[in-house]
Structure formats: structure tokens, C-alpha cells
Amino acid sequence: MYQGVIMSGFGGQGIISAGILLAYAGMTDGKYVTFFPAYGAEMRGGTANCSVVISSEEIASPVVAYPDTLVVMNEPSLARFEASVRKGGLLLINSSLVAGKPKRDDVKVQYIQANEIAEKMGTTKIANMVMIGAYSKLTGAISFEGLKKSLQKVFPRARQEIIDLDSEALKKGMEAV
Amino acid sequence: MEKKVFERTKGLTEILMRYCPGCGHGVVHRLVGEVMEELGITNRTIGIAPVGCSVFADEYFNCDMIQPAHGRGPAVATGIKRVRPDCIVFSYQGDGDLASIGMAETIHAAARGERITIIFVNNAIYGMTGGQMAPTTLLGMKSTTTPFGRDPRVAGYPIKVCELLATLEAPAYLARVSVHKPANVLKAKKAIKKAFQVQMNDQGFSLVEILSQCPTDWFVTPLQGIDFVEKMMIPFFPLGEYKTIEGKKETVKPEPKKVLETV
Amino acid sequence: MPRIEVDTIRCKGCELCVVACPYKVIGMSKKFASTGYYPAVMVKPEKCTGCTLCALVCPDVAIEVYK
Amino acid sequence: MDEKLLMKGNEALAEGAVRAGCRFFSGYPITPQNEVPEYLSWRLPEVGGTFIQAESEVAAINMLYGASACGARVMTSSSGPGISLKQEGISYISGANLPIFYANVMRGGPGLGNIAPSQGDYFQATRGGGHGDYRVIVYAPNSVSEMGNFPKRCYDLAEKYRIATMVLTDGLLGQMMEPIEFDFEPVDPAKLPEKDWALGNAEGRERRVIRSYDLRPGYLEKMTLKLAEKYKEIEEKEVKFEAVQVEDAEILLVAYGTSSRISKSALMLGRKEGIKIGLLRPITLWPFPSKIISDLSERIKKILTVEMSLGQLVEDVKLAVEGKAKVYLHGRPSGGIPTGEEVLEVIKKIMKS
Amino acid sequence: MEKKVFERTKGLTEILMRYCPGCGHGVVHRLVGEVMEELGITNRTIGIAPVGCSVFADEYFNCDMIQPAHGRGPAVATGIKRVRPDCIVFSYQGDGDLASIGMAETIHAAARGERITIIFVNNAIYGMTGGQMAPTTLLGMKSTTTPFGRDPRVAGYPIKVCELLATLEAPAYLARVSVHKPANVLKAKKAIKKAFQVQMNDQGFSLVEILSQCPTDWFVTPLQGIDFVEKMMIPFFPLGEYKTIEGKKETVKPEPKKVLETV
Amino acid sequence: MDEKLLMKGNEALAEGAVRAGCRFFSGYPITPQNEVPEYLSWRLPEVGGTFIQAESEVAAINMLYGASACGARVMTSSSGPGISLKQEGISYISGANLPIFYANVMRGGPGLGNIAPSQGDYFQATRGGGHGDYRVIVYAPNSVSEMGNFPKRCYDLAEKYRIATMVLTDGLLGQMMEPIEFDFEPVDPAKLPEKDWALGNAEGRERRVIRSYDLRPGYLEKMTLKLAEKYKEIEEKEVKFEAVQVEDAEILLVAYGTSSRISKSALMLGRKEGIKIGLLRPITLWPFPSKIISDLSERIKKILTVEMSLGQLVEDVKLAVEGKAKVYLHGRPSGGIPTGEEVLEVIKKIMKS
Amino acid sequence: MPRIEVDTIRCKGCELCVVACPYKVIGMSKKFASTGYYPAVMVKPEKCTGCTLCALVCPDVAIEVYK
Amino acid sequence: MYQGVIMSGFGGQGIISAGILLAYAGMTDGKYVTFFPAYGAEMRGGTANCSVVISSEEIASPVVAYPDTLVVMNEPSLARFEASVRKGGLLLINSSLVAGKPKRDDVKVQYIQANEIAEKMGTTKIANMVMIGAYSKLTGAISFEGLKKSLQKVFPRARQEIIDLDSEALKKGMEAV
């Protein structure tokens, strides 16, 4: 089993922490994992993206040139990464923020109204968790338990309510697909 | 008939600025752009962008620009001005750039009395690299490298650049302003204009220190940012003019060699 | 009538103009722009005097003022 | 020994240094290594060590000069531009036979360049960017685990030979996260043997002097010839490398750090297609594993160096090969990151030629 | 019975000093040596020799010594003192070393309030390299790089280091003395002693600036040299204490983060 | 053209730069190159140029960055420690494609070292002591005449390719006196073609930007690949060397600068004894005369590199030779100056082996 | 009787002691030492009070004073 | 014709200017010349020495390892350089300042009371010129005319009296051997 994932969106959408969560959950599940952020100048705004690899074998390169899954959190990200997705791969689109439609017909496309779902739960800040939940369900690359256990590790200073909310959002994401 | 009473200055390009929401750099950029436009010097100005968030200034100012190594703006400005004394030269710098790595270059350009203008944006933090301590970070203030607050015993005391430079003979104009409120913005613009004029009149070195918000790396909202400038920065970094050309006496040039010949 | 124009591509929703305006003319949009930010909008356009104070503090030169 | 941690490479490097006994760090922020000072700013005080954010890289390396002269395990880190500024200091430290450890988390150059991962500072690291004849032991990790475990090796060698040691890594290894296990017991620096050259309290002993100069005619030459002996010994004893599937290889990849992982990807992809690819990964860049490469070149007649630069490592490979095999280069400078697929393409072309 | 009333201090080694006839370095060396001896700290002192004529100081002072890169004494001292707070650390530096290439390190060590003592020998010239302009070269003074006399328009103004550093919060003791006459030598010794004591008492950063003769590179005789100090240097570089621990107020440590939390 | 002058090498270098159109110098004193700034401090004002004694080498190189960005012919000079401090600036200048000229009058290193003549900074000069992939054109004079005449060549190439150029020389060539004739007409910089990239008055043209960075993904790589093209062209077109009695040589000496003169002494002494010695002197160290050395190594099977270092030039020789001949080294580091007699002894030993 | 001893290996003949001495005790030797310098000597030894002023200014720590 | 010369003495004895004069005179005589000072830290005192080569053929190395002539102006210089003089070479000793005697018996030794001679002319500062005069006479490597013409070049700012005095000292040196 090998999953190369790219997640991409605006700075501030929690792309990086979602990616770390993914990697942590993979490790918790006993897989090999790597996480690599496309770090930029640290200013807010602009786009943020990261690459995660989850694999049952040792990972050579952590570079994900051709993702098996692309998680798209904003419009520009679709344009930038769509072409790179592996044939037969998965395109996971936050349709709350992405109006455009992908041109590829050789990949699986899944839309999620992540912001709407999150907003209903009280804050759009957890839209990233919704997307991760959906990813976990669709690919089976990571388990919900792995994700849940990892939340506390990734956000060590977060209060329990927040963790619970995140966990809830993961679930809603799973349910949405 | 409707008139535009506030429009974008031609001193800036049309390119979107990459700064964070509520960042003071944008205001300072605009003021410099307006001053260049009003003084009619945009075409003959050479600007220097620092290494810092405003590295991108080389895209934003509508004049010839150059982007050099971190902290070396004053040295680069010196090279430019000596070769092109007909041009107006300004170096735009952050606090890390100017007062940490670039301290020697700053003091020596000032001591030489280079006919240059430094626009010094003091936001008490390293913006571009993600919020490390700056030489102007206040005591007790948290940063990513002073996670428990700046402790003077470990990390020393913040440096007051205007006060430091005011002990030198050569600077002709030194002022500290802020851009957190409309009234301050207006004063800041006056100071910047004066600094450029001092250069145009060949009177000497000029520097304007501008207290500026960095909400991102202060971990606050933009509105809290302007409060922080008001309540914490200004009390420590008093606003005002620290040196003006009026107060400057003519330089007497003693000739020690003569003395030596007679001793 | 005095008014402001906010360039929604430039505006980053910092709200500095909101507090700078002495007449509380400006508020924040509920809808984010293509940039991901929620831009400033005139919420009480009739109160605008064209004083330019909002434009003075706007870090993104997103405001133009007409009178 | 430890539970598996998911760590950033930079944090692993910092934590690894502390576990290896580092108690003094001075450095200056620069992307993509900022996590190193940020981590140490709280971690070092925790173990009674000192963290200083220096006013510049120049000051930082000179603080190290002082602190290491007192026998402490010391560290600094930076990236391209900052490492350049440290070259004078590194030359002094080398001339004065002081043991230090530092890291270059490479980014794209020259100049301000960018902050993407790169390997353009290989020459600077292995040939000495500073003035004069000196060498620095250069370790090149290729995983977060190695980022965490190499500082210990560096300190041990630094003190054994009284030499500057470094980890040459890049923004990818610094920024990426991976599980890590530390392979050594934490070092208590108080229990390390006393250094009979360190400055401090001169009570009951001759005063000590640390310097990198000798203005008397002929003396400095002798000092440097002593350095040369030390370097020779290190070249003989301290070479480290990893060889992957070289036994039956018909083409040999040579790559270090990030590009060695990419090369391994290419190797795995290629082997699946039946192409007999081997990989030689230098772990120490100086001393360079010349002998093994020379030996392999007796048999493998095609060698491809994969690096994230215009071609620097390739010179050491050629120097080792001495014309015995054909040496090719796949170089991506200034932030270009090759992919396994891309490297495989190059391999296929070479195999056909 | 005959008594030695002036003997060579044990704070110095027996090695012959290589300085030129009439050079002030030797006197300053002796004073530092005497102070170390009198304070009983020779054994636990670590001295730093600069790059400059006094590079050889590492042979002359009878304590552990280190010789680092040009201008970086304060940084090296910082590294040493942080690792060995039990030791007394002094950095001996010339004007080129301290105020030109080393300006940033000097200011920042001072701003951090490092518990170190700097012995700053100001002879208004670069001695070791053969008489080039120093940052303290007087206006009009000839040097091998200001062959027509230092012209402020080209080469700027001399820098007054004590005055500059006095604008910082952290320094605990700053004084300027000279060694051209017996009375001054006695005062210089007092100041040096005080500077070491400030360090021993953990009170902060201390620096003594010593006006000193360099007859060789001033191209004068040793006797003309002491006249030059008296008639030309002292009027420009006034002697005295610029900062003392008595005048130092306790540091208030504000906590901006708290403010931020409440804004 | 001129009457014969007896000049110090350093003064010849300074005068040569002025005659070649240099109008801006910033530098910081350091032995053994002090005569350069001292000379220019009165000479430049004479021709309306600017002399600045910078506060440091770091400031000096950055002043150059600014001045050259305005199109002036600019110069700085230093020795080992100072050149190390300039590495960051040189990397920036290279990244920004600015033409500058500088000189390293080498002394003994590493560290403070000494002030004796040495050649320990060869790697730094030819491999780029700074960060990132870049190259500097390196001229190595071996006489006072060449000290005076090479600045002109450097400026011409610097502007032709928009690249940093340098003279790598040493304390012996800097301090020695020899008769000199300038081989070119003085250049009036006002008459040089205008530079269409220089900063200045933007009236009537697009604004110009000079920078060494591009943070957009992929862009910097393209910039650097452009640099690489330029480097390739220079390697093809601008190699300079001198070959002495190589036709019948049975052993080839390779040496540059001071050690090439010593080698020539050895050659003359040896030829008197009937030993067939040839000498290949690289005049440009980068681009390196690899081809001629490679060609010669087809026939001459013993090559001796003579250098005043632990062995740096020898790597370029080996890279050129690619195993076709045996390459020996006679290296004297840190101020050791070999003699002709000494080199001849080494030659004899090699001939016997 | 108070007196000074000049170490002729250390003395570089700078004459600073000569002018520092209030009693004009010290003068310069006419013969150079092995160092190439002309060292200081007591020319009016009887006037020496042992005040140590000469020693205070001597840059080469060449003077010891006895009383 | 080839002459490698080393001159050595205290700093301040005019070793360097004497060496330059030698080189200048050689050039004036139409010979190839090189001059190389053993420059040190610039402080006064210590020893100074320089190497001069005068040759009828192009000069390869300016380094004089084995001088044909050694001009010794003080005691330490004798000890330092004596052994290096070429067999059959010349050892020119300022016996005013050098009490020791050379051990070599395979070289020509010539003593000159240069300081006494110079002092009689009014200043010991010209002892260097006395030595150069003696050198010119003994070796014939340079002509008196060459030396005389070169004085003004080497000391461009010197007054005519000084030049005349130097020239006189050269002559006295020639006469002394």
C-alpha cells in the first residue's frame, strides 16, 4: 500500500496541520510516513500546500510529484495541481470554495461542502478536518482511530473541547462521502 | 462633479502587495511612494529593498530598485550614491536588517554622513522568518526565539536606534514616527518627506524610524496590533525628531597634522 | 456624495479602516473574496464625509475616496 | 530506546545535538532552518545550556569560537547566505584546532536565491569556503532519523580530532517530518573527559593560549602540515557510506542527502523494470568515499551523479573514478527537486547510449 | 634596606613586547596585568587578544588567552563568559578592531549586557597594517588612506564610542582615560580596576576606552605622540566616566504579552 | 607605450585598474595588499573616482554591489580572511549578474595565519567559497606586469558576461617590485557603451530592478540554468594559459602565479642538466585550461603540480588528466615558498620512480 | 638611595620616562644596545626620589624602582 | 650575469630602500631586476630583509634562497642567513654593528665599518648607502652611475642635499673596499 497525497489551499486553512495529522495517523496505524510542507516566506496569505506519503514499505523519496490523492481547498490549487494527479487517482475538492470543475476524466473526483459542514458545527476552521475525514473514508489509507489518537499529539496544547470538535469534524467528513 | 480625493500614488506599481492583513509595511510603502511623487523624484530615485518581509519592495516601488544582502542596505546605498550623486537613494529596512545584522553598516553610513535616506520599519520582530526576536523586541515580549518572553539577562535590552545615531556628528535628520493611526500617518509622511528633502539639499544622512505593526508575528489581530503600538511600543520608543538640520553646527575641520608639525 | 471604493482584490480584511473611520461608515463583508479574505464594505454609506482617514491607514492601498 | 517520534528534521537535528551533549548554541534566524534555533531557545535552558540569538552569523560563529575554546559542546546552524558569512570564522576555528558542530540546511542559491531545498553548497562544505588549507568533516543525513543521530557522531569526531564538523542537509530534510528513533544514550557533558587544552581556570597549571596564527617565518607551515596529518588520518579512518544493490549493478547512482532518497526511488522503479541500478550514497562528504567508488568503477562502467546543483559532487566522483568509468550528471540547481521518475528517464537514456 | 617600590607585575609574562618605541599598548598591558594581580584573578581570567598590533597580547598577559578574528572579540567573549561564568573575561581591542569591523559585535555585546570587560585602545589609527584611517581618526588627520587629511565629506566623522554606548540600557561602566602622562596612567588604572570589579560583581558590561599613542603611524616621535594625545585627542574625546553603576536604575521588565491579551 | 616603471605588484594592480577605467573602490586594510587601497586613496580622486575605506570587508563588497549596479567599473581587494567575509556578497553579485573586479592577495592561512605569500585560497576562488552554484573568472598573474595588465582583461570580461572577475595573486607578487609596461591605452569610462541594465535615471524608460532572488517555485532554477549557459560559453572561449617547452617534455609542471615562476626556475635549472621539463601555466584558473592539460597528458606521463598549499590546483589537474598520466604534487602550505632547486629535487625523484 | 634600574633589553629608547621624571634624573645612552635601540640611563642618579613616575609611563615595563 | 642578493638588518636601517635602490639601478643599467621585501607586521623594530635579483636574462623566480651576496647589517642577520650564501659568494658585513665572525670559509668575506664611515659624514642613517657602494664596487653588478641616477627615483620627495649626501656615501662605500 502506497499513498502519495498533496493537500493545497490558502494559508490559514490549516493545510499544514491537516497534513501532519495525516502523517501522524499513518504512523499510529503502523505505516511508514513522511510529511513535507511547501514552506514559503512565512507571511500570511498566499497558498500553502504539503505532501504526505503513507506506505506499508519504507519510503524512499518524500517528494510527491504525482499524487495518488489531491486534496483541494481553494480555487488556485485546483489549477496548479490537477494535472499532476496520477491516472486513477483521487481528486478531493472542497466545493464550498472551489467553483471550477476539474478537466481530468481519468481520475476519481469527489466534492465536499467542507466549509458549509464545518460552519454548521460552529466554525469554518475545521473544514480541514472534514476533508481529512472524507479522505480516510475514501482511501482507507488511515483509520479513524489513528486520526483520533493523533489529534492530541498534533495539537498538544489544545483544550479537550477543541479536540472533540476536530474529532467530530473528522466523523462528519467520513459521513459526507 | 465627483473628484477623487484619495487615489493610489504613482510612486507605487500596480502589483498586489504580499504583506499580511494589518501589516504596517503597506502604509509606509504608500507614504514613500507619495513623497517620491510629490517631490517629483520617482524617476531619479533608486530604492533598496531589504531582506525581510519587504524584500518584495523591489516590485512595489515605482522606481529603479535593487535587492541586496541582509543588513547591507546602507553599504549598497553608499555605493550607489557615490557613483550617482544625482540620484536620490533610499534604503528600506526592517529592524533585524538594520539594527541586528546590519548594525555596523548603519552606524558607519550615518557616521560618514552619506547623502542617503533610510526608511527604518521597526516592528519589534522578525517578520519574514517567522517571528524571532528582533533587536527592538521589548522586554518580556514573546517571540519564537524568546518563548518565555525576552529576558534581559539572556537576550539583552532592546536598542533605540534614533537615540544611538543621534550621538554621531554626521546625521542631518533623525525622527521616529508611527503609522498606527491616521494622525500618526500624517506625521510619518511629513518626516519621510523631510528626510528626502534633506538628501535633495545635500545636507547629510537622514533616517526615519517607523513603528509598525506585525500582527502575524505578534500573534494578535490587526486591531490589537495598533493597540500594541500605542500602548507598548510608543512608551518605550518615544516619537519625535532626534536630530534636525537646524540644530546642526557647521563642521570645523581641525588639522592635527599642523599641530603635530609644531609640537 | 462622498464615498469610498474598496478594491476587493487588494483588501485583506484587516479592519483598520473600520476603526479609523470616525463615522463608522465601514464594516466587513460576510462573504470572502477570491483572495480568501473578507473585504471591507460601506455599511453606512450615507455618513461618509470623504475625510480619507480610512484610506490613510489602509495598509493595502485598497481604498480610494471620492467627494 | 525511545518511543517513535514524528519529528521535523530540523527539530530532530536540534534535539539530537542536545542529547549528544550540546550546551551552547548561537545562531541567527534564516529559513529553512529556523526550527533549529526556535527549538533550542527553550530546550537548551531546560538542560542548563545557553541559547543566544546572535546579532549576525558572523557573531554567531565567533561566539562558538569562544565557547568551544572553553571545552563546551557547541553548535550553530544556518543556510547558504549565513554559512557564507561564517566562512572566516570556520577557517579560524580550523586553524585553532577547535571542535565545533554546525549545520547548513541548504536552500537555493546563489545570492538571496530562494528557500527551496537545494544542494548548491557542496563545494563550500567540502572544499572550505573560507581561506587557507583546512577541512571540515561533513556528514550528509538523508532521513529525519539521521538528522537526529548524526550530531552525536559529529561531536565525537570533533573532539577526537579537534576539528570542525558539520551536517550538510537541505530544506526538504529540515522541513519534512518522519518517525525517528535516537540510536544513542543521552550524553551528559559533565561526564566527558576533561580537555587538556580548554581555557578556564588556570590554577595549578600552565596558562593556555588558543590561536590560529604564527607570524614567525616557517612556523605556520609546520602547523598546517600537522593539520594535514590529521586530515590524512581522518581520510583513512572516518569514511562512511551506504551501498544499495551495487553487487549486480550495471549503472551506479551516486547521490547524498535528499537526492539519494530520490535516487533510491529511481532505483526501486528501475529495478521493477529490470534495470540493474545500484546506489552509492556518501554519508561523509569529506572524507569522501573515493576508494569504494574507485573500486566500483572498475566494474560498473556507467556512473550517474544525481544532485540538486549544477554539478559539484560530480567532481569528487570523477576524482575517484579517474577515467575508469564514464561519469554522468543529472543536476537540478537552485530549488529544482528531481523526481524518481525523472531520474529513471535519465538512466534509461544513459543505458541506451 | 632597599625595597622594590615598582616591579614588573606577575599579571604579565616575561616575554619582550614587540610594540614600537613610545607605543601606548605597553602601558595599558601593564595596567591590566597589575589589576589582575591586585584583584587576585589572574588564574581565572581569560583574555582575548585582537587582530591589531596587540595580537601579540596573547603572549604578554599571564592568563589564559585566545586570539580570534578581527573585530569579533566581544562575540568571542560572549561565548566564553556564557560557558564559564566563573571566569573573568576581557577583550583587548584597538579602534579598528572594535569600532570599524567590530562595531556590530561591540554594540550588541553591550546591549546584551554581557558580563565582560572591554579594554579599548583608541590610537586613532590602524597600527598593525601600517597607518590607515581608523574610525577614530580625527578630521584633517593624515593617514595612509587619507593622504590629504581626513575629509568628512569623503571619509566621514570620527566616532565617539563611549558616547555611543552610553545610549544603551545595559552597560554598567563606561569610561574614557588616557596613558600619556603619569597622572593619567593612575586614573586609567582606576578605571580598568573598576571595570573588572563591575564584572566580578555581576553588574553588567564594562568598557574602558584608553587614548593611546601610536608614534609610528602618526609619523612623529614618542614625545610628540604624547603631545598629540594631550592637544588633539583629548579635546575631541573628552576624558571621564560615561556610565557608572550608581546611575543605573533597576530594570523594569514589562510584559507586553499580558497587554496583548487584554487589548 | 609607457616608460618602464619599477613598481610594486600591488601598486601595479591598482594603477592597472584605474587605467582600465576603475572609478570606484571600497576596501578594508589587510596585509599584504595595503598598497592597493593606499595607492587608490590618492589616485582615484585624481581621476574623479571614489575611494572609500569601508568599515569592513562585508561593507566593502556590498558597496561594490551598489556601485556596479549603477554601471561603474568597480574594484575591491583583500587577502584571505577578508575575502572569506566577502563570500556572501560575491554570491549575491553573481546571482544578480553584476560585473565586478576584485583581487585576493593571498597570505598564509587558515585563520589569522600569517602574512607570508601563499596559494591556499585556490579552492575558494575557483569553487566559489560562497553559497550556491556560481563561478567567478579568475586570472592568476605571475609578474608585476601582469598584475598591472590583467585588471583590464577582467573588466572587459566582467562586462561582456556580466560576471564577477578576480585576480588571484599572493603577497610575493603584491610586494615585489619589477619593471612594468602597460599593454593597453587608458580607458575613459565615460566612453564605454551604456549598460542597458544599470540603475540610475529612469526618465523615459521602464524602471529597472536588480536582484539575486526569485521566490516563485521554479523560477530560480531557470535563472541558474541561464547562469550555467554563460559559464559554459566562458569555459569554451576564455581559457588562457602559457606553455613553456612542452614540446619535448618528459615531465610537465603545472603551476600558476608565484609558483609558476619558481617552477620556471626549476625548469631552467633542470634543462641545463638535460632533464626535459615542460611547464603549463594556467593564466585563467577558472575557466581552467583542462583541454590542453588533457591533451598533454596523452603524451607526457608524469605531471607535477607545484603549489603553495596542501594541494588544491592538483584537483583540477587530475580532473583534466582523468587517469591518463600520473599526477604528483609538491605543495608547501601557509607561507612556505618553494625554491627552484627544491622543485628540481622533486622532479628528479619522480623521474627516477 | 632611591634608584631605578632600566632593563636594556626591554627599553626602546622612547624617552617618555625622561620627560615624566620631575627631577630630570633620566637621559638617553649614547650607545645602542643589542636591540638596536639607545636605552635610558640615570644621568643624575643622586636626584632620584623613587617616585615611580618614570615607571608609570614606560610602555615597555623596562623600569624597576628601588627605595 | 646573475646576482641574487639578500640584505638584512634592523628595521629602521634602511634595508628596504637600499634594496629598491639596487633594483632601480639594475634596471637603469638595462638589466632585468626583481625586488622582494620580507615584509612583516608593520611595527618598528625587529629585523627587516629583502631579496634583489639583478640579471642579464629574464628572471624566473624572484625568490633568493641561496644568495650570491649577503649584505649583513646587524648581528642576528649573520646568524640567520650565513649558511644560505652560495659557495664562492660574497658576505658583506657591517662590522660597526656585527661583532661575530662568519664560520664559512668557502665564501668571500668583506667587512665595512659602515656606521663609522656614515657617522663621520654626519648621520648613521646613510650606512646603508655605504654598504651599497661597497657592493657595487665588489661585484660590478650595478654601476655607480646607475645608482646615482636612481637615487632621485627611489626618494622622489628627498631634497637635493640628501641625495647628494647619499651619493657621497655610495662613493665612500666604494672607496672602503
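Chains here go by letter, A, B, C, D, E, F, G and H, matching the order in which they are written, and residues are numbered from 1 within each.
Methods note: contacts are C-beta pairs under 8 Å (C-beta built on N, C-alpha and C of every residue); 3 or more make two chains touch, one makes a residue touch a chain.
Not measured: the values here are computed from a predicted model.
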item: Remaining touching clusters (ignoring chain D, no chains moved); value: one piece
item: Most distant chain from chain B by Cα centroid; value: H
item: Chain pair with more C-beta contacts, F-H versus G-H; value: F-H
item: Intercentroid distance (Cα basis), chain E paired with chain A, Å; value: 60
item: CA centroid of chain A to CA centroid of chain D, Å; value: 34
item: Geometric centre distance via CA averages, chain H-chain E, whole Å; value: 42
item: Distance between chain centroids, defined by C-alpha means - chain F, chain G (Å); value: 52
item: Touching two or more other chains - residues of chain C; value: 12, 37
item: Residues of chain H engaged with two or more neighbouring chains; value: 40-42, 45
item: Shared-contact residues (touching 2 or more other chains) in chain E; value: 19-21, 23, 55, 67, 69, 100-101, 103-104, 108, 128-130, 135, 155
item: Touching residues (chain side chain E, partner chain B) in the complex; value: 100-104, 107-108, 111-113, 135, 138-142, 149, 151-153, 155-160, 163-164, 166-170, 218-220, 224, 227-228, 231-232, 236, 251-257, 259-260, 263
item: Chain E to chain F touching residues, read off their complex; value: 51, 55, 67, 69-71, 96, 100-101, 103, 126, 128-130, 132-133, 135, 144-148, 154-155
item: Footprint of chain A on chain C - complex, ascending; value: 12, 34-37
item: In the complex with chain F, residue positions of chain H that touch it; value: 20, 23-24, 27, 32-37, 39-42, 59-63, 65-66, 153
item: Footprint of chain D on chain F - complex, ascending; value: 58, 79-81, 83-85, 87-88, 91-96, 106, 108-116, 118, 120-121, 123-124, 127-134, 211-215, 217-221, 223-225, 227-228, 231, 309-310, 312, 315, 318-319, 321-324, 332-336
